[in-house]
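There are structures below to look over.
Two complexes are shown next, each including subunit A; its partner changes from subunit B in the first to subunit C in the second.
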Partner chain A sequence: MNFKHKFAFLFPGLFVLIGILIFPIGFMIRLSLSSWDTFYPGLDFIGIENYVRLFTDDSRFWESFFRLSFLSVTTVSLQYIIGFSLALMVWRDIIFKRFFRVLFLIPMMTTPVIMTVIWRTFFHESLGPVNDILSIFGIAPPWLTNEHLAKVTIIIVEVWQWTPFMFLLLLAGLLSLPKEPFLAASVDGAGPIRKFIYVTFPLMAPISIGAIIIRLIEASKIMDTVYVLTSGGPGTSTETSSYYIFVKGLREFQFGYSAALSFTYLIIMIISLTIISKLLVKLLIKK
Partner chain B sequence: MAEIELKNIAHSYDYKSENPTYALNPFSLTWEDGGCYAILGPSGCGKTTMLNIMSGLVSPSKGSVLFDGTDITSVKTEKRNIAQVFQFPVIYNTMSVYSNLAFPLKCRNFDENIIKSKVIEVAEILNLNLFLDKAAKDLTADQKQLISLGRGLVREDVAAILMDEPLTVIDPDLKFRLRRKLKEINEKYNTTLIYVTHDQNEAMTFAKKIIVMDSGNIVQVGNPKELFERPQTTFVGYFIGSPAMNIYDCAVLSDFDVSIGNIQLKTSTNLSNVKSGQLKIGIRSEFIKLVNNKSENTIEAKIEIVEDFGNYKLITVNKNNLIIKAKVERETTIPHDVVLLNIPAEHCCIYQNKNLI
Partner chain C sequence: MTLKSYTGGLLVAMLIFAQGAYADKWSDQFPHIKNTGDIPGACSYEATSKKDYSGKTLTISTHAVPVMGEPTALHAEQFSKLTGATVDVVHSPAGDLYSKAMVPFQAGQAPYDIVFGFSNFIRDWMQYLAPVPDKYVNMPQMQDVTKAHQGVASWDGQMYQFPVDGDRHYLKYRKDVIDNPEYQKKYKADTGRTLKVPTTWKEYGEIAAYFNGWDWDNDGELEYGSAEVMKKDDLMYAAFFSRSASYSKNPRTPGGFYFDLETMEPLINNPGFVEALGDWVEATKYVPPGGINFGLGDEINSFGGGQTLFSFSWDDAFVAAMEDGSPIKNKVGAAPLPGAERVWNREDGSWDIGHNQAPYIVWGWAVGVAGKSTNQDMAFDYLCFFANGANHRADIAIGRFGVNPFKKSDFDPQIYIDHQGWDPLIAKSYAATIVGMEEFNTNRVFPLRVPGVFQFTSAVAVGTSKALAGQLSPQEALDEVAAEWNKILDRVGKDVVREAYAVGVKLEDNIN
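Let's look at the complex of A and B:
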């Protein structure tokens, strides 16, 4: 088989890659260098003007970015802690093990947008059942209209929706662990806490890092929950990067500028997630 | 330290099913305090199950485990005061070598000074003293296995150190030195050592007493000499020794004489009471001598192969389609065609239904 034949086999995959990845990114970069909006639709060239505006005159983008960082780190941390606890619970032989394993996976199988609508109804300040119950204790927190509580609500919904995914990955990890280290720890006289600290947790470190990174990538794209639950409000207090980009691009139709936002966001995410994964490896494995 | 007694122990991994298959058939065995034992047998014969029953990792389907007369069958592993070394090195990856060795003592809330002196003492025995501050995961496989062993040795009061084929991952030279070291430890601290292996050389060079197992049964308990010279069953004869024992079907001719085909042999076993049952004769190739003159128990046979193993030669001969293997010294001059072999009567073992008479 000669050199050209090898390429013939590569082309189909390469075309798909170019079609779905390289072209859109290239087009986005080109778009970010134009002033395409509703008044002047077209691919003109304005240089890095959009980027200058973004770095000097758009505090709203940076605020939404830090808010996103806070929300994703908090939700993923909570998902990891709860997911790991649940996985540990159904890892060993307990009664109704299979039932619990399926039960914990249900939230992941539901459609996020529909579930968020249901959650919005739950947390509705005057009509929702949450405040109905809380009114027994004489409180009725403004879940969706207070800037801090709105963030808490988003965190609750996100944690509920995505903890099962973390649970699934960590349970699969736990089930694949070798038995000997646990037997050796029993022989050495270690109790359940020591076993967790010195055996389970270190053995689970590589799987944990994988699960956390996957969830961080997913969590940083958070959009549907915010859109349905608060629409970024009250004010801009729950606005995340992707929601802000959506507002600029598909509400205000500033295509050129939103492309610049998207590209900047992509670069920041690649850099920050690389740093986070390196840090996690250093912290959990190389220690 | 303690005397360990296994009383009417039997174990099946599917005990609750209608027809449970037993990994260990009922048996009783006592392990003397300070003994150096080896459990020898092929894979799947129940060695590890027996070990795990002693350490509490497996709870027996029947019978009880006694430490110094106290029944501890339902006591958890953590509380049993037993040490176990597994086939593959198990270390705590996040800890240093020192912390690894100190771990069993820390779990038992020992004083820091006692821990330190004990860890240093054990590290010196195992030549780990230069690595104490190093991360345990950076060590080689054999050093890691030494750490596993060390975690058993730091506890002075252990009832026994159980080892499940612990030297599998270690190269031959170090294996030899480690076995030597284990023996020294056994002599110095009088710690009971129980060593599981499927390698007869390992068992023979290590233990004072060997428990040979086959298909969930204990077939013979004895010292290396007994196992070699008087195997209690044909299985032990096959399993122990290299090459395996020469075993042939035979028939009784008179009180001390048997015949293998048309070969007549004198034995030292009184066969006057042997009436029925399948009879076999076993002869170790090490006891068969090359002779120059015909006498009693001498067979003339044709040489098929002569193999040089460096320290000895193995001759395979054929006598009327009967294959006999004989081990001779390397320097022995071996005739080209036909040899005369002498089979000493006192080294002929006669088996009735596979059991030694």
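Let's look at the complex of A and C:
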């Protein structure tokens, strides 16, 4: 067989890879080296000017990045804890098990933007039902207008929306676990807590790491929730990186600069998620 | 009964009927214009029905329903029935209208024949738009448009946007409270001041604070002082400019409100703007709970629903409050934006003492025809039909449409009394308020219309929202905005911005 023919079979996949991955990233890098904006449309070449501006004169991007890190880590941690608890609950033989399994998945099936609009209505401080109910107890928290509580509100909405995803992955993991280790633990007289600590949790570690990383990647793109709930406010207290890049790119039409922000953000995310996954492996999977 | 008296009676009855119902063959087919029937003109129903665009397709990018999106779709359907054209209407959120048009513009494409946006996009869009042809500019329908709004739709004398809407910010207040003798007595007794329509922002704040957090209309619910657009990136910068105009637009110092035209130094952090932002920070104490997250829709619902005493922004909240079915119909009043007891003089570097008032002819809905459109005739005919006498008269009566007065004939209070059932006193004060801003006041502020306008307004939104949230003091916040404006000037080019800004300054300084 002609050696070169073998490579011909790679071309379809290669073309797809170039079309959907290499070209967009390449174009983004090229765009980031231009000053394309409203007034000067076009791929001129300004070198690393956009990157210099980003690293020396844009504290707002870095603030939004650290805020995003806080929101991502907090939401994913809560999703993991709640999702794991719910999965453990319906893993056992409980009444209406199937009903609960479907029920817990419903938030994930809804459209995020629509649900965020509904949540915004719930949390509306003068017209929403949440404060209406809380006012019975004499409290009316400023859900969206206090810089700390606004973050909490975003966390609540994100956790509600995406815990089912974590639940789904972890339940699938639990259902695939071998029965023998649990039988052995029972023979040894281990109670439910010991079984969880010494059997369930270690066996679930690889799946947990996968689920956490997948959710961290998704959570690092928090945008629609922020856009609908607070527009990054009050002030800049809930602005995240993706929202900031959206503002610079599609609101202010600074395409060149927003491409530089996007590429930098991509690099940071690749590095930090690689480190996080290595740390999680080290922490959770003992040799 | 004699034949003479019978005939006379019949004639009187016919006249009364004709006056009251205005029915004609067009209003039978198109109930939207039932109050007026067709109004003769170059783009009336009668005239438009004579055009034949069968087999042609018009594509329109417009705002989401209802504001501007609903009338666009409604008039598209009517236009289609009259001319045989196919009209595709694409709706987008307000924040996407700019990029929806700009991306294909920059790529040299014309997926939309007509693009709706805001009038302050004009500098960025004009190079991609077809100028409005002379036959439309010179027709009587256009001559009825106020000079201010012809200016808003034009760039240096050339009209690029077809006027379909007129916008300005003015004060809306609860007339049943401010004119209530009992409350006037109570307010006097409690504060020593007179309860009246506020003529300064300080008075506005005092009265709003007094009427904040108690049930002053006895409906069992708490009411509040003021509803304002304070949500970041949701038109809040326009609200800030409204509050700033009287403190910073000094008729004795022409040559720029946003920048010093000569030096292009940003004026946004001068003491006038800082004073206005200080007032606005105070306002967070008399808005409804959650008020600093209110967008325009919240403001309209809040004031229109009777939740607040005051409001200021576009006409929509007022028109919504005066619509049939509103709980506060005929209980609201309109007045010019409050003024200030002093105005900053940037030449002397000191305050000029004395009352100053400056209307803000804020940007509003605007619409243009793509220069690369192959259906320009049909597109301009559609726009002309959109804004014809009958459609316009019907549109301005519907608050959610977002179509507001911009024609001289709109300033006749009788049309609001006859067709919309407004109280005559309210109709007169409304008409007097807008005509005063449009035609008589010479200390007006116009929207910033320079290249990259969104970068400038976005910086204002970020800075002022930090002050409202308590993250920065008003001076710190506006210093930050000024620094950002300087960076934008460096990037875009001072001379480029100056050249564009000079066109707006000419309008503000009343230079023909």
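The working rule: the second predicted complex is superposed on the first by the 284 of 287 C-alpha atoms of A that agree within 3 Å, B and C clash if a C-alpha of one lies under 4 Å from a C-alpha of the other, contacts with A are read in each partner's own complex, and residues count from 1 in each chain.
Heads up, the rule we're going with is that a contact is a pair of C-beta atoms (placed from the backbone, for glycine too) under 8 Å apart; a residue touches a chain by one contact, two chains touch by 3 or more.
Bear in mind the structure is a predicted one, so any value in this text is a computation, not a measurement.
In the superposition on chain A, contact is made by A:N131 with subunit C only, not with subunit B.
Set against each other, subunit B and subunit C differ in how many residues of subunit A they touch, and the higher count belongs to C. Applying the stated contact rule after C-alpha superposition, one finds that A:D37 touches subunit C and leaves subunit B untouched.
By the touch criterion defined above, A:D224 reaches neither subunit B nor subunit C. In the superposed model, A:P142 makes contact with subunit C only, not with subunit B. Of the two partner chains placed by superposition, only subunit C is touched by A:V247; subunit B is not. When the shared chain is aligned, no partner comes close enough to touch A:E63: not subunit B, not subunit C. Across the interface of their complex, subunit A is touched by residues 55-57, 76-78, 82-84, 86-88, 90, 92-95, 103-104, 107-108, 148, 151 of subunit B.
Contact residues on subunit C toward subunit A in their complex (touch as defined above): 95-96, 98-99, 102, 106, 124, 224, 231-234, 288-293, 298, 301-302, 307, 451-452, 454-455, 458, 462, 465-466, 468-472, 487, 491-492, 496.
Here subunit A touches subunit C in the complex through residues 35, 37-39, 41, 57, 60, 124-128, 131, 140, 142-145, 147, 230-237, 247, 250-254, going by the rule given at the top.
Taken in their complex, subunit A has these residues touching subunit B: 180-181, 183-184, 186-191, 194, 198-199, 202-203, 287.
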